[in-house]
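Each structure below appears as structure tokens.
Here come two complexes built around chain A, the first alongside chain B, the second alongside chain C.
What follows is the complex of A and B.
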């Protein structure tokens, strides 16, 4: 995949989502829905970011940590996944799964790009804090980059 | 005005110095090699069960009743 290929990034997100939605449905009993125009917009935005980064650092291939950091940023911002359910009517745990579906999708994508088994990498407390931070704080792409480089090393 | 012109000339001279132009480029070590999306997707798929198990454990900390 070239640095500047929005279509390839779109297909990659669609590929991640196929598996994510199946597994989410079997784990939670709710089927997530993708906004494919948001996937396309994420692809375009990712291309701008990767091109800028690769040009500045004179890289042919952006590193995985940067690729994952930008995708997490755009998934958080453009929120391409939704669950059609009244979250307030769901049991509490399923409601939390539904509420945080985009944060989970972002981490799912990052785990694949970084080739990191999140169950091994994080304690429940740490993953709890990551999900909270992604939902309610404003971590920058650079924060994620440092975090992902650390995880990749 | 003379000082301002001198400063502008100095900046222009510095910015066209090849050695200093290079300072603005920070080389990031990257040994990741060619990126293959299909392999990343397969990795995530293979670890899906553990992924959702980990998320469930994390969410249980949110939903757990406080003492």
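What follows is the complex of A and C.
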């Protein structure tokens, strides 16, 4: 993938979402819905980030860790996935999955980009902490970058 | 009833008069004080039946012949009631204070008991709802006939062990679909053991496998969740 290809990122996200939504629907019984304009916006924002990075470091192809970190950042901010259900009416255990659907999608995408299944790599406790941090704190892309670089090595 | 009224009146007057004499005033309010002491004596004696019912004494039914099997013969019951009424009239002020404070405390206890009963009722309703849900799931879950007939599927008890660890790991996770490898990290056990445990749990419809783009994943079923809940 070239650095400045927003359409390719859009396609990639859409592909990830297809698999993610199937998995989520099978597991939770709720079908997530994608906001494709948000996917496009994520693609554009990712391109700006990668261009800036490539220009500054004089690199042509940013590594997987950085691509994953930027994507996680933009998914967190632009929240392209939603579940059309009244979370207050759902049982608690299904509600928590629905509430964290964007964070889970972000981890799913990161897993795909890094080619490391994060769910297999970490304990539930650790994953819960990551999901919580993504939703309620403001981790920067640099935090994710460090984390993903560490995982990739 | 008449006997009780006569005893109350007589003992009240006697006790009140005795109290009047014990703090005999020299002032001009002697008449007022006399009436006050008599009234206190009568009131205290009149409260004795209430006091007796508060402490669960059966003396009043024995006296009124309301009880079919009196614990005391009537003459003894009368003497005992006279004793109570006299003591109450002699110590009328203290007795009235004690009974009134006991009554207030009793009222508070009743309120607390009612609140406890309400909470207990809510718990019962909640449990009943869970049981109904569990029954619905057991009825509606697509368990093959062979599994339905299997005695082990009906009598699965969740004792501390690998099954419980795996179920708890699945429940605490915010990721809905878990892999064998991920669960292995959680329960700190080998993948082979976790796979065997998951198969066992699947046979009891506590977990189910789903096929995903990332391979096979495991999901906790509603029955598994309720089984975990019921264990707590």
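Brief remarks follow.
We take it that the second predicted complex is superposed on the first by the 153 of 153 C-alpha atoms of A that agree within 3 Å, B and C clash if a C-alpha of one lies under 4 Å from a C-alpha of the other, contacts with A are read in each partner's own complex, and residues count from 1 in each chain.
Going forward, a contact is a pair of C-beta atoms (placed from the backbone, for glycine too) under 8 Å apart; a residue touches a chain by one contact, two chains touch by 3 or more.
Everything quoted here is computed from the prediction, not taken from an experiment.
Once the complexes are laid over each other on chain A, chain B and chain C cannot both fit and instead clash. Of the two partner chains placed by the overlay, only chain B lies in contact with A:64; chain C stays clear of it. Of the two partner chains placed by superposition, only chain B is touched by A:109; chain C is not. When the two complexes are overlaid on their common chain A, residue A:5 makes contact with neither chain B nor chain C. Looking at the shared chain after the overlay, A:97 reaches both chain B and chain C. Taking chain A as the reference chain, the count of touched residues is higher for B when chain B and chain C are set side by side. Contacts of A:56 after superposition on the shared chain: chain B is touched, whereas chain C is not. After overlaying the two complexes on the shared chain, residue contacts for A:23 are found with chain B and with chain C alike.
In the superposition on chain A, A:35 makes contact with neither chain B nor chain C. Across the superposed pair, chain B and chain C both touch chain A at residues 19, 23-24, 27-28, 93, 96-97, 100, 104, 107, 111, 117, 119-120, 122, 124-125, 127-128, 131-132.
For chain B in complex with chain A, the touching residues are 25-28, 30, 32-38, 40-45, 47-63.
Of all residues in chain C, only 169-179, 181-182, 185-186, 210-214, 217, 219-220, 225 touch chain A in the complex they form. Residue ranges of chain A in contact with chain C, taken from their complex: 19, 22-24, 26-28, 93, 96-97, 100, 104, 107, 111, 117, 119-125, 127-128, 131-132.
Taken in their complex, chain A has these residues touching chain B: 1, 8, 11-12, 15-16, 19-20, 23-24, 27-28, 56-59, 61-64, 67, 92-93, 96-97, 100, 104, 107-109, 111-113, 115, 117-120, 122, 124-125, 127-128, 130-132.
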